[in-house]
Each structure stands twice: as C-alpha cells, then as structure tokens.
Amino acid sequence: MIDVKKIRDDFPILKRKINGNQLIYFDNAATSQTPQVVIDKISNYYSNYNSNIHRGVHMLSQEATESYEKSRRIIQNQFNAKSSNEIIFTSGTTHGINIVASGYSNFLKKGDEIILSEMEHHSNIVPWQMLCEKTGAIIRIAKMDENGVLILDYFKSICSNKTKLVLVSHVSNALGTINPIESIISIAHSNNAVVLIDGAQAAPHIKIDLQKLDVDFYVVSGHKLMGPTGIGVLYGKESLLDMLPPYQGGGEMIEEVTFSKTTYAKLPHKFEAGTPNISGGIALGTAISYLNEIGFDSISKYEKSLLDYSTFKLLEIDGLKIYGESNQKTAVISFNIESIHPYDLGTILDKLGIAVRTGHHCAQPIMDHFNIPGTIRASFSFYNTKEEIDIMVEAIKRAKLMLA
Amino acid sequence: MIDVKKIRDDFPILKRKINGNQLIYFDNAATSQTPQVVIDKISNYYSNYNSNIHRGVHMLSQEATESYEKSRRIIQNQFNAKSSNEIIFTSGTTHGINIVASGYSNFLKKGDEIILSEMEHHSNIVPWQMLCEKTGAIIRIAKMDENGVLILDYFKSICSNKTKLVLVSHVSNALGTINPIESIISIAHSNNAVVLIDGAQAAPHIKIDLQKLDVDFYVVSGHKLMGPTGIGVLYGKESLLDMLPPYQGGGEMIEEVTFSKTTYAKLPHKFEAGTPNISGGIALGTAISYLNEIGFDSISKYEKSLLDYSTFKLLEIDGLKIYGESNQKTAVISFNIESIHPYDLGTILDKLGIAVRTGHHCAQPIMDHFNIPGTIRASFSFYNTKEEIDIMVEAIKRAKLMLA
Amino acid sequence: MKSIATIQKEIIDEFSLFDDWMQRYEYMIDLGKSLPIIDQKHKTDSNIIKGCQSKVWVYAELKKNQVIYTADSDAIITKGIIALLLRVYSKQHPSDILKADTSFIDKIGLKEHLSPTRANGLLSMVKQLKMYAIAYQTQLN
Amino acid sequence: MKSIATIQKEIIDEFSLFDDWMQRYEYMIDLGKSLPIIDQKHKTDSNIIKGCQSKVWVYAELKKNQVIYTADSDAIITKGIIALLLRVYSKQHPSDILKADTSFIDKIGLKEHLSPTRANGLLSMVKQLKMYAIAYQTQLN
C-alpha cells in the first residue's frame, strides 16, 4: 500500500503555499507534479553530461546517448513493446498523434471512414479532421451515453470494412471514463481497421501491456507521467511505423543526403528529426522508474479509494452533479453546482489554495453532449490525500455560500 | 571584455574530468553548455510552479503562463521582432523549418524554384526536398567557392521571378562561414522570393535584428543558445504566419472544436498545438538574458580572438588543412590532417579529455564539395580559453605521432 | 462627468477598506449581481469576447461624444470585473478611454485577473472596450 | 582451431599487460596497420556497414564449415577493432559465432566502443558478422 506521507516528501512543490494556504493540487490530469529524482536527473544531465547525441565520439556524447537510449528501453519494458524501435520519442501526445495522422494521408482515400469517440480530447480530433480534409475520408462518431460511457453496440454498428482507422482515448480526460479498448481493438481489427489509442490519461494510472492489447499505435505525454514537459512517446507496431512516411525532415532521420537523393534512417530515428529533447527523454525514463517503484497496483488501488471517497463526499453537496459516472473510472471527477459557473467556483477555490481545472478541458464535444459550458474537474494522483479532499469539500461549500 | 574565469564558474559541467583529464569542451556548435542560472530556473519551475498553461484559473497555472509568455517577450526583444505573435516556440530549428516547409506545400506549384545554399545543414535540406517532392518545385543550389564562401554573383544569377523561396543558413555549422544574408535577402526580395534564414549557428554568437534584416523567417535552437534541449524558436513575419496553415492539430491551437467545424486560434498559438515544452520555454528566456548580460559585443570580440589564435596555432601543424577560410567566420574550425581519419583523431582527443566533433556534421553536401569523408570540428564559446586551445594543439601533435 | 483617473482613485480607495481577498471577492460578486442588464438583442455571438473562460458580451454606443458600454457574462465574478471596468470606461470620451491604463486592477488586489492566461479574459475585455473606443474615435474625427 | 572463448581469453590476457589507454590504443593502432588487406573486389558499396563514422567493409566466405571474414576501414582505430573481432570470429563455425558475446571488449578497456552511439560502429560490425554467420548457418542446415 501507499505510504503517502513519505511519497509527498518526494514532491517539493507540495510544500508550496498559495495565498497563505497549503497548496492542494487537484489538477493532475492537466499536468502531474515532478518528484525530486526527476528534477535531479535533469540538473545532473546539464551539470555533467549535456551533449548532442548519436553522432559524437567524445565521452559526453556517449554518456548522453547511452542515457537517452537506456530511457527508451525503460519505456519499452514499461509498456511491453516488442522492440525499442517501436518507441518513438515525441514532444507529447499531440505530436505523436500528428505523426500518425499526417502519415496516413498517403493511405486514405475519399469515402474511407475513420471513427472517433465522442469523448476525445481536441488533440485526438483536430489532426484527424485535417487528415480528412486532405483525403476526403469521413469522420464517424462513436457515441457515449448519459453516464459518459461509450456505447459499444453503437460502435460495433458503425465499424465496417470502410473503417480504416479507429481513434479512441484509453481514458477520457474530462470524465475519467476508462474505455473498453480491448473490445474496441478487437472489433476494429476484425474489420481490418488500424487502432490508435490516446493513452495520455491512462498511462499515469494503469499498467499497460502493448503486446497483450495488440494495439497498433499508442501515445502518451511525459508531463502527465511525473516527467518533464516537452517529451512524450509514440508507440507503433514496427511494420506500421516502417510503412509510414517520415514526418519531419532533418538531421538524425537520414542516412545519406545529397541534393539529388536522400535516404531515410531506420526506426526509431526516422521519426526523430533534429536534436531531440535529450534531458526530457532521459528524465522520462527516471519518472517511469519512479512510478514503477511505487507500483501500478498500489497506485490504482489507492487512487480508486480517493475517487470513491471524493465521489461520496461531493454528492453530499446540494445541487452538485457529477459528469461521467462509469463504474470504470480513473480518479477524475468532473462536476458542476447548480446555477454556479465553473469559472467562479474555480476562482474561489484557487484563492483557498486548491488547484482544480475549469472549462471544457479541451473536449468541447463532451460539453456539447451534456449541453454545459464546462465543468470543474478535480483529478487526483497518488500523492493526494483524503484530508485534502475534505478541505476541498469544505471550500466548495464556502464558495457556494459566497456565490449563491 | 570577458572575465572568462568568472564565467567558467557559471558552468558546472566545465569542472568535469574525462579519463583523468580536465574536460575541454570544443563541441559548442553541436550543443552549448548550460549555465547554473538556467539549470536553477528549470529546477525552480518543477519545484514551485509546474503546471499546464494558458487555460488554468489557478495560481500555479497563472505563474507558469506568465513566465512562459514573459520568455516569449524576452525573445522578441532579443531579436527585435515587431510583435510577440511572431515568436513561435518550437522544439528546435528542425521543427521550425518543417513548419514553414510543410506550410508552403499549399503555395508552391510545379516548376517553381527554391534556392538552397550548398552549405546547408541537413535540417535545412531534407524538409525542402520533401516539399519539392509534394509540389513538383525544383531545388537550385547556391554554390560556394573553395574557401567555403557563398558565391554571391552566382546566387544572383539563379535567383529569378521563378524563385519562390530562398533557404540559407546565417552561419554554416560545418565551416563557420557567416553568410552575407543582408545581400541575399535583398536580392531575394527584389525577386519577390520569401527568405528563411537558419540561424541555429548565428544566434549564439551574433546580435540579430530581425526587423532591420527584414527577413521573412528565422529559426534557432535553444540547446545551442545556452538553453535546454527540446526548445527552439521560429520567427515569422506576422502576415506570413497568418497565411500559413497550422502545422499540427491539437489542444491550444484551436478556438472552437465541433465535429463538423474547427476554427484555429490566433498567433502564436495556431502553431503551438498541445502542451508545449513549458520548462524549456521559460529556461530559454533565462538563457538569453544570461547571454545578454555578458553582451554580444563582448562575446563576438572574445570568440574572434579564440578563432584567430587557434587558426594561427593549428596551421603550425604539418599537413593540417582548414576547411572554411572566409574572413567572416564565427569561432568554428573544421580541419583535417593529411592521411589521418577524423574519427581516429577525434577518438584520441577524447581520451585526452577534449571534446571535438568528427564526421560530416550533418552537412554531407559540404563534404562532397571538398571530396572528404568528414572533418574534425573544434567550435568555441566564450567560456573557452587560449590555454585550452594550447592543450588541444599539443594533443593533436601527440595523436599525430600515435596515428602516423 | 468624473474623469477616468478620479474614478480609478475612488475604486482604489473603496478597495483599500477591505482586509482580505474574501471581502474583495464578496464585493465583486455583489457588483456582478448589480450589473445593469445588457439589452438582450446585443447578446449576440458577434459581441462575444473570445478568449474568456466565461462568456462575455460587450456592446457600445456613442452618445453625446461619450461611449456608453453595456455588457454581461455568465460568470458572476467576471460580471463583477466588468462592472468595475464599465464604471471606469463607460460614459467617457473615446480619446480618454484610449489613454486609460489598467494599473488600478493591480492596486485593488486583483492582479491575478491581469495575467496573460487566456482563461482570464480581463485583458481581452479591456482590448475590446478600446476597440470600440477606436472605432468611435474615428467616427468623431 | 582454438575456440572463441580461448581466443577472447588470450586477448584479455594480452591487454592486461597494458598500464593505460595510450598503450592499449597504440596496440590497437598497430593491429589496425597489420590487418590483412581485403580483396579490392569486395570493397563494394553493398559491403559497407551503415552507421559507422568511418567506412567499414566486411566480406565473408564459408570454407570447410568455417566462416572466413575479411574486412577493411578507412580509419586506423576502427581497423584495430576489426582486427580484434576477426581474430575472435574468423575461421569459426557459424553456430559458434552466433553464440559468442562481446563482453571481452569491455574487459580489455574498450567499453566506449560498445556504446550505442551510431558514431561507433562496433555493434553494427558485430551485427554484420553475425548476419553472415546466420546466412551460412542456414546454408549448412
């Protein structure tokens, strides 16, 4: 089980005071906080072996390259990818999705269909809209019900041999819903469709086995995984990555360049043009090792207890409605209070030191579904506590009085 | 003038020992070293206000947003851009060039011409080759002479009303040549061609005034500017950036998303899809402020003295040939020693604690021009010293004996 | 008519009476509640200010060389801010509006609303108010 | 014929006599200079190993169930490494080659050449040697 007191000591930011109050950080779905080991890894990189990688014969370059490539293998092992060639460092989930979406413009044609769920983050919508604009392919929406649960039968009914791509989040950032991606993948594959799963919100909370899932593409962001900003991972099956054209041109991703002909490098370098985020890649490995030391079983169990507790406590507040009531959720609660605008509540909570997110959470179609301008979202991590939840509940009551 | 002893104390890595020897870091053109203020800024970010930006009402998000946007303004001022909307954060020079190259696929047609110089880095070649493949436009090469100097008359002769784009580096990474970009820009503009200058190697050494240059696009990398990896800047004139389509789809870069229609956000956000490299952007501002405190006048003057001294000393070595003998150079020396392979020399220098780069420096066409497999490149920064150069020269002599 | 500077001074004086953020925010919320209601026909999509997390509608007319603003929002704190802004900017000559600055916001302890986060649209609001002023200024020239 | 393990042991013993990197590298350079020259007709582009900063050509033949490697490089230290590798791998049975590991490189103080930087092609070289062994192994089955 989680020793939360000890764990909190790993995160220097949790000591922050906001407006005289102890910071309560419930915005983990936007960005997770960073343990000291990760911060130290970054400092250590710049203090001891900062150097451009892959092409240097000197020691610093070799050390940096080794650390960077070791990190790739840590990630490979963490997600159980078959080969480290399948692990592409990106600048984040958005970048990863764009690599794939842009690559498929060569392989889709007019009338082809792609399926998006209704609960996607804008990053898993807009690149596909751009793809469809280029190719004439058509977007079909996999609907969800009033609990924010994907309607699997409906999905089955729109998935056909016209379907070329299926794009679904593993976990919805705005609702916390865990989608049945095993079923989605198997339905899609039985129609020969390729599946990209947006794992930005899943990877920090759930142990992921890519080979077992048999997923085609999977994307995550480092800054939600206790890692630094500006780094992420695109996983793709080697055969698919081999097939896709390179996304960016530049150094690193080429084998030979003449003005008449350029040959591209092998995986994973083909997709890693230019000097990468070296410190970010290295520190992401450290972050994932840190998560693994705590253990995903413990994390899931503890976060579930926070979710249950906060759901129970929040529902005691009069007029509070929770959006997303699947029985398969990560520790995310999106809610509104009758006749109070989320922005107002968020502002008062901030004054009380509580960081929640308000708004559409980059998932406007979800807001349209529920016909609301936005929600207040409290998203928990394993360093949060029930005491913090109690303080938030009291703060909400106070804000309610002020705003009523 | 530069107080190099004091400055060296700002860079923790310069205390490193390599194989028992004091590190001598002469690989600055690949990646510059990082002063403690920049490292501290990063640690401080993750320890105190790490948070997703732009959409949060809470204090951490506001602090992070303010720091990030302040950094944008520091960069705007540094390069004298007209508006902060013209400063796009990228993950590096390569990314910046790809944004522009990809955007122009809508605006070029078969038979249009683009001009590249013969001394471009692969990152300023491959994206344009990809663009030409898509559009049928044709690449013309602006040649250089035996000193590694661009032949301006030749450039003038190939620049015509067919020329749509001119892509030239401000400073060649492999040779150190400073190109006459003022003339290039004015010739190009008189033919209504748009000019992108690759400033990766110039910005760390030369004060740049974008408005005075009247350049259309200018790109730099943070990791060569005493900043962190994974961050860079694309400057573009506002009207041109407005015209270009967005590069990536995702969060941040949209104004409104529905499944039927998405409208894009205004500059600079249109080109900044997804959670950016927040700590990188913030730390880049710190790095640039640091450079400015030292002062570009002092930097240029001091680095010139290192260049002159090392050129003089190196030419005393028998059989040593320098590539790139323009009288307008940054402190980069590319050389070979008769019958010694650069890789061999680089390996021995590394053993002696001296980090130089060997190989084609991602500029194969230059190597083809001189008909060599590669060079040894020593590139200096303002924290290097004449004593270090003396040690390198002695080391080269020793290596020569071993390898002869 | 009082000058913009005078009104700003008055507001600063009023807010100086408050001991803490609670009182300031409660006052703002009261102000929000009392914001005169914008004419429904001006609550159109084209009058929405982009870049605010809460919806903000602003409309302006020129009467006797003065810009008369009306506005609304779906969030109450935002309405409070609007009320403050309108008190300062409304019924002023366009040229005076264009000269005015927003430093009083900082002085009354609401600096957080000046931050460049797009979530907080105060800067967008001020920009919109000034856009109207520019338009009417041109009309007067 | 000596076994791969025996040869590796011999090399480790030889290198243990050296006091410092200088002696090791001087020895490697000597080895490089004495590397038997590859037949010019095998120095083709298709025999070049990609991913090395120096050019490396490798060629292999099967003779009496043994793989005979010849190789060359334009860099002398690389040639030295090749000489060591060939001493270990050449004239062995394909199945023995496939079983061999490269830990002796670490033990003789040349670990830096095992790093995954693409600049240092030692791993690529070993991979190529084993590719030949796989090919000839299949031929023998």
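Of note:
Letters A, B, C and D name the chains as they come in the text, with residue numbers starting at 1 for each one.
Quick note on the criterion: contacts are C-beta pairs under 8 Å (C-beta built on N, C-alpha and C of every residue); 3 or more make two chains touch, one makes a residue touch a chain.
Since the structure is predicted, the reported quantities are computational estimates derived from the model, not experimental observations.
Matching B-C against the pairs in B-D, A-D or A-C identifies A-D as its interface repeat (over half of contact pairs the same by residue number). Measuring from the averaged C-alpha position of chain A to that of chain D gives a distance of 45 Å. Each chain gets one centre point, the mean of its Cα atoms, and the points for chain A and chain B are 31 Å apart. One inter-chain figure worth recording: chain B and chain D are separated by 38 Å, centre to centre, where each centre is the mean of the chain's CA atoms. Shown for chain A are the residues in touch with two or more other chains, namely 19, 55-57, 59, 61, 343, 347, 350, 358-359.
Annotation for chain D: residues 53, 112, 119 touch two or more other chains. Every pair of chains in contact is given here: A-B, A-C, A-D, B-C, B-D. Of all residues in chain C, those touching chain B in their complex are 50, 53, 112, 115-120.
Taken in their complex, chain B has these residues touching chain D: 19, 341-344, 347-348, 350-351, 358-359, 373-374, 402-403. Across the interface of their complex, chain A is touched by residues 12-13, 16, 18-19, 23, 25, 27, 30-31, 33-34, 38-39, 42-43, 46-52, 55-61, 91-95, 97-98, 101, 116, 121-123, 125-130, 139, 141, 221, 223, 228-231, 246, 248-251, 253-254, 256-259, 262, 273-280, 343, 346-347, 349-350, 354-359, 362, 364-365, 368 of chain B. Touching chain B in their complex are the following residues of chain D: 21-22, 25-26, 29, 53-55, 74-78, 112, 119. Here chain A touches chain D in the complex through residues 53-57, 59, 61-62, 65-66, 69, 255, going by the rule given at the top.
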